[in-house]
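So, here's a batch of structures to check.
Heads up, the next two complexes both have chain A, just with different partners, chain B and then chain C.
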Partner chain A sequence: MDFMLISLLIYLVGTVTIVWPKRTELAAHYFGMICSVVASGLVAYSALMYLLFPSGSWLVDTYWGSYSLQADAWSSAFLLLTGVAGVIISIYAMDYARGYLGHRIRLLSGLWNLFLLSIVAVLISGDAFTFIVSWEIMALVSFLLVNHEAGKKKTVSAAYQYMVMTHIGTAAIMVAFYLIGSHSLSFSFGDMANNNLNGFMKDVAFLCAFLGFALKSGLMPLHIWLPNAHPAAPSHVSALMSGVMLKVALYGFGRFAFQFIGMDVFWHGLIVMVIGLISAFLGVLYATMEVDMKRILAYSSVENMGIIFSAFGCGMVLYAMQLHSICVIAFTAALVHAVSHSLMKGLLFMSAGSVMHATGSKNIELMGGLIKKMPYTALFTLIGSMSLSSLPFTSGLVGEWLTLQSFITLAQQAGNPELRLLVIFAFVMLGLTGATALGCFVRMYGTAFLGRARSNIVDKAHEMPVFMLVGMGLEAVLIVAIGVMPDILVNIMQQIFSGFAVVSMGTPLGIIWGGSGHYAIYSPGIIFAVFVLMGLFMVAALYRSGTFVRKDVTWNCGTVPTSRQQYSATGFSKPLRRAFEDILTPKRRLTYLRKEHAYFGRKLRYDLEIPDLFNDKLYKPIQQLMINYSSAFHRVQEGSVSIYIGYTMIAMIVVLIWGVLL
Partner chain B sequence: MEYLVVFLVLVVFLQTRITDLKRAVICLGSQSFIIAIACFVLGLSNSQGIHAILPGVLTLIVKVLFIPGAVYRLVGKLKNEREILSASNVNYSTMAAALFLVLGYVIVERLLPGSAGRDIIAASILMIMTGLSLMVLRKRAIIQIVGLITLENGIYLLGLLMTEGLPLVVELGVFLDVLIAVVVLVILTSRMRLSFMTTDTSVMKKLKG
Partner chain C sequence: METLMTSLGLNLVQGLLLLVFAPLVAGIINKTKAFLQKRKGASIFQEYFDICKWWKKATVLTPYTSVIFVLAPVVYFMTSLFAATMVPGFLTGQFSVGDAFVFVYILALGRFFMTLSSMDAATSFGGMGGSREVYISVLVEPAIMLAILINSIRYHSTTLSSMVIDYDGAYFTISAVLACIAFFLVMLAENSRLPVDNPDTHLELTMIHEGMTLEYSGKLLSLIHLGSFLKIIVFLTMFGALYVPINIPLAVKILLGAIIIGIVETLNNKMRLFKVRVYLGAALVLLLLAIIAE
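This part shows the complex of A and B:
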């Protein structure tokens, strides 16, 4: 199984494009992308083979000095996800990133390879040092990638915000590693699994690890960097960041939960679950308010990571309740949803990139009717949107359904009424999230692709070049394939937890066409039958009325309808904004630009601002506090060398007197 | 030995009251000369061979002749330079030095009661502290260099007494260190004079961004 090392080497070769001669930039770009496609393909292949034919040994097991590489099944699940996303997004980037010709494209391709390399390295690292080093490289490279369009002021500030936040996370993770490592033989993961940390310090280690990984995966109070970093980065970079990098945080957290800290403490899982649920709901609520396509997707990532973490937390709770065979459902749910979210968020960021490529804008209020200009992109986006709203026959449903299943199990097994009440709250949150997500993506898709053009940027829109379509198409095919045949993925992912007593979920055929043996997993067969019946019914009804297609102008009281009479994206989300006014606290401002008559010839301007709850209530006060402290310190640290020597002298005298007195 | 300590304390106190640059350098030279004599005395009584005279000779060459010589030449090029101080600053320096002397004796009494080199230890603590206070309180680069050498002399004297002869390599290393530091400082001061027409370090604040 040396494929993994070979692929690391290929990524490294791909990084060479940074120093490629400038005259053949395009060749450098293609070279870099081919390297990343090949290497990611190898990663995906070897991970898949390892998962399909588990042999009991490591996928990778090698060491160099005190640095070691080791990958088990838990790593392989994420390696598979990384490899697939790496291949597909790199294919897409072959055409997409050509837009950066003359804008440091060599750097972009090289860093792209390095980014994938660091992600794979994080996933296969076998000790704390390798993990931290790779993690830090990943953070720095993604910072550079976010900062690629450094000419824009917004990009730079987003990138630096990301940098600061991610380093806070790294610091927390390092503390967690240190706490555990100092109570075990060495810093290799194998030894750290046998640590003798307990009591209060174990709780501290858990909280630090959760803080660090939750920050990287954008859970709610710590998500603040995410909606800024994603729109700033080039689209294929945001696709990889959202599709893969956020999942790497889940990998790290899982490593801590399974191997180092254990899941014996009940409230650990509870915290993870509740924070996941809150992020899921608030994330999708903010997503529905945005008009910037990539910000919508970024907030939707917060939502989906919330769902994943709530499933994981549910599994931890079930494990702490000694229900070892049942908690597998929850962990499987987290993994399956991680995989499918990686696919669909990759797809949607790519289609957001395509829309940007075609129209030059990210604002969906300016679009409309794109389906006529770019039909294939519209189709793929539809599939991705359906999946993110977890409709049947898409992969998005599988994970969310499994999550719901695990909550149901938890409710069933909950001994005390408090926990049962909490699970009911979880149901409500998850249901609310799903419904709002549906609304959010109907809004995004409808505003951007359907209806009439809202501005002239749509006129010059065109279909995408072939590689971009291939990239998006592959993701769409995978999403539908998993949606139709979820059993393969679910069974593979379930095997990962073979350390627990695994309950088989039945034969693939049974799952698809009849539902379950023991558990109702998800049966597309029944849903398909219902759909066919409903379709037949509709066709029959329409057939009786005698018309299938009738082309006509919409009746508009005798005038021709204009594009301004359509639902705008902002208008579409107004009811939700009113319903959750207390959380969103929208600031509306209406300015009359011209008002000659009460009803005619008016021109007005409507500004809507939705401040981020946590930004105002949590981050601004912290920032203010830090500035105040800094200015207090400024008086001490004035920049004069004499005063510094004076401090040394005072310290020395104090030490001497101390020594004399004691 | 006691006479040497008396002279040393006298010179250090004098150092705190001098504002003229040339006199400060001469004062430094004589201070180093006393240290050199102390080196010879201690060296001849404690060890034999090259170890007995080498520290003294090195002190004589580096700290008595070369460093004060270089600084003196630099001072010669400076015109209208003197430490402009209020009398209170000078008085404070002297008062501080007196306090340091008391502190030094207290420390010796408490930490090393009945030690043979009681006066020397106290004097070296006085030198270390006074050197530091010169660097902190005075503004002219030359006086700050003088403060640094005073500090260094104090540490050297203390080391000499406590260890009764350092290994040769360490001794050579220490001298090389000081030599290089002073060479750099002299060059920097000379550049500073060319750029700012003064060696007042407070004008360097302008360089801050």
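This part shows the complex of A and C:
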């Protein structure tokens, strides 16, 4: 109930660190972080209680005139996700952000609280104005956070690109709100649900809403800001942006789809599904080509948001086909995957931050063998990587499995061949995505943590301070807990859609999906128990038989192997780059630097550039078009005042003549 | 609860049964190849001897390796064994702990650790093998997804035991035949057989799976080989039960499948790495046609 308002107040108190005296910067930082931990904890607790014990009333219900704060079950799911991520990442930031001492750390802590505040405000706003204002604060604060290391040129350009893109999205969302609000009694969400918008304008409203929210969640082709903004921001900010802010876009889109626009139009769902699938595959393909750890994770966010939106679109399609009892699994899949992606991407951005903290670089080509220097971080990163590859015993597979089941259900219901072809497309895309994601994270983990050090930056690497480990560890524990016992989460999430149909998928045995004559089961708990037993048996067998281990350097045809002989990350993804070169269009340059001798010991330089498909084919032409148009106006807009006065006079004369003639 | 325990027990027995026969199937494939190449060849029990031999030998580890290197073969073997308990065939009960997608992702867990271990020994061969393994698995995965899709559309379930061919209905259809051919192609790629990978050579240009496991020795190597043999028999069982539309006993199907793999491996060369794309594209198109014909 009022916990939510109290937490908003605590966030607000946390922002005072901005005006804290500079002498006690560190105290300001700790104060800010403690505020955000407490407030986020309250948010998570009240949302969880609301979801576990549904009472039929609102979670929050407050009015000030026409402004209102309201939260239902759909909001609560995202509040839960925000609260959990807020607590964990703030704990991590207690140690991590200390690296910004002397670099506006007070501002960082204050904005951090404001960022969380605005996210919670978006999730609990009950009318269009509150929503837009909170949404705008969220965009501006995240812009400031991305721009925190403003000394770097790359950071500034990434931040401004983000700023421009997110405002295009906000504009689209405002149009959508306006279209719906103008056809209903007021701009409160309750009234907007009863709008009488129909036909063409409804389609326009849908497309505007989808454009706006897809942009914020980084779906292709609107993703271009994301791989630039995430690496530029401080790591804990990237973790929150990727883990939570992208999901807030899903929240908004769901609000529109469920409440305002409805899901009766068949092709609405199809568009969401297809864009989601394309984003999923292309996102992970670009991720596999990157060598910057945070860019890999950013592109992987595009992939996962793609999977989430494709599941959501699948649900919309099923709903439009009047299969109300079945569509629940697809929406549940989207929500479960959203929660699990929030956990695993939060975790991996934190590990990327830890690796940066340890080595001072984000480039995995310079790393190697970090598992020996920072074993705990390596363990947590391994769990996160497994989850992002959707392997068993992690939350990743739970979401992935539910997504696959919803598409299978769609396939079984698809009578006409066109829809069946679409389902085939979906499965090809999901298959490609799954396998490429595995390759992507094997490549990232293998290059950064395994093998030998590729440069001397690894020498000074060390294990992380305790709060950072606690933060990462909590996420890892949650990922495994959900992965092994998914029934609690699945049950919470499916009852949010009990308005469509009541289903019960989570059982003590695991997830059982039995909709419309279809039957499928996934019981990770039992599989986990069997694996643990088998593992114990194997270890015992290996030890009992008297294992004889000898340490010796790898045979390298008589020479001593150097660390340069390892496979590089760029080399690792070479076959995939060849296989999909039509999409990736890689540009390679091989330069021979013949310094010492023509043949022996010569030096080579290899440059590889993979341009973003949409940047070249979509954004550059648009940009060029805009510049051309502007330069056309340049001719009339000379800048001298007398000419402008002349324009005004001509305009007046035209108006006068017009008035006389008519 | 009792039926649950019984089915779980039956599944485990089946897994152990397949484990016992796995090296034999590999031996049969090798014997077929030897016969066709007019060689006498090794005994069909040779793989048992090899595994025992490696188990007795010492394990040499490079100092660069981490715990992942030791963990990977253990996980790989366990995932193969678990897949053997899941696959429908001889003793699977009514209850299963996972469906076809879980089966795919359990195998993916093994692949994840094997490819990781390939980068752990800090050599070029390992990374090369891992990189190629990832490349091939990316191409294989969509085909496997479509193969699952066909049977799940037909039998309204993704549980492996429900996806077994139903001989009471019409089973010898165009769709079934196309799916059968396509799954055979996929099976060869997934199990690193010719024409995609050559399990016999250690030439750096050709090896994929062997490249990944080059640094292994002793007990760990014997686990990897046992895991690979298991994977072959698991895929043959799945192929026979789910995709071969001929009503003969499953054991016969497995035997025939092994012999056909031997014949195919004798008749074909290893293809260029980037031709695999076309090869698996063909499998994908066959599956697409099969789904449309369904």
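Quick note on the criterion: the second predicted complex is superposed on the first by the 618 of 662 C-alpha atoms of A that agree within 3 Å, B and C clash if a C-alpha of one lies under 4 Å from a C-alpha of the other, contacts with A are read in each partner's own complex, and residues count from 1 in each chain.
The rule we apply is simple: a residue touches a chain if its C-beta (ideal position, glycine included) is under 8 Å from a C-beta of that chain, and two chains touch if they have at least 3 such contacts.
What you see is a predicted model; the values in this text were computed from it and never measured.
Asks: Is A:G254 contacted by the first partner chain B, the second partner chain C, both or neither?
Replies: A:G254: touches no partner chain.
Asks: Would you sort A:G659 into first (chain B), second (chain C), both or neither based on which partner it touches?
Replies: Touch partner of A:G659: chain B, not chain C.
Asks: Using the touch definition from the top, say if A:W401 reaches chain B (first), chain C (second), both or neither.
Replies: second
Asks: So in the superposed three-chain picture, is A:G110 touching just chain B, just chain C, both, or none of them (first/second/both/neither)?
Replies: neither
Asks: After superposition on the shared chain, which partner residues are touched by A:T648: those of chain B (first), chain C (second), both, or neither?
Replies: first
Asks: Looking at chain A, does chain C or chain B touch more of its residues?
Replies: C
Asks: Check the residue A:S640 against both partner chains and state whether it touches chain B (first), chain C (second), both, or neither.
Replies: Touch partner of A:S640: chain B, not chain C.
Asks: Which of the residues in chain A come into contact with chain B in the complex?
Replies: 639-643, 645-646, 648-649, 652-653, 656-657, 659-660
Asks: Mind pulling up the chain B residues that touch chain A in the complex?
Replies: 103, 106-107, 110-111, 125, 129, 132-133, 135-137, 139, 201-202, 205, 208
Asks: What residues on chain C touch chain A, complex-wise?
Replies: 4, 8, 55, 58-64, 66-68, 74, 77-78, 81-82, 85, 96-99, 101-102, 105-106, 108-109, 111-112, 115-116, 118-124, 126-128, 130-132, 134-135, 137-146, 149, 152-153, 156-159, 162, 215, 218-219, 273-274, 277, 284, 288, 291-292
Asks: Given the complex with chain C, which residues does chain A contribute to the contact?
Replies: 368-369, 371-372, 382, 386, 389-392, 397, 400-401, 404-405, 408, 411-412, 417, 420-421, 423-424, 427-432, 434-436, 438-439, 442-443, 445-447, 449-452, 509-510, 517-523, 526-527, 530-531, 534-535, 538-539, 542, 545, 547-554, 556, 561, 563, 565-568, 571-576, 578-579
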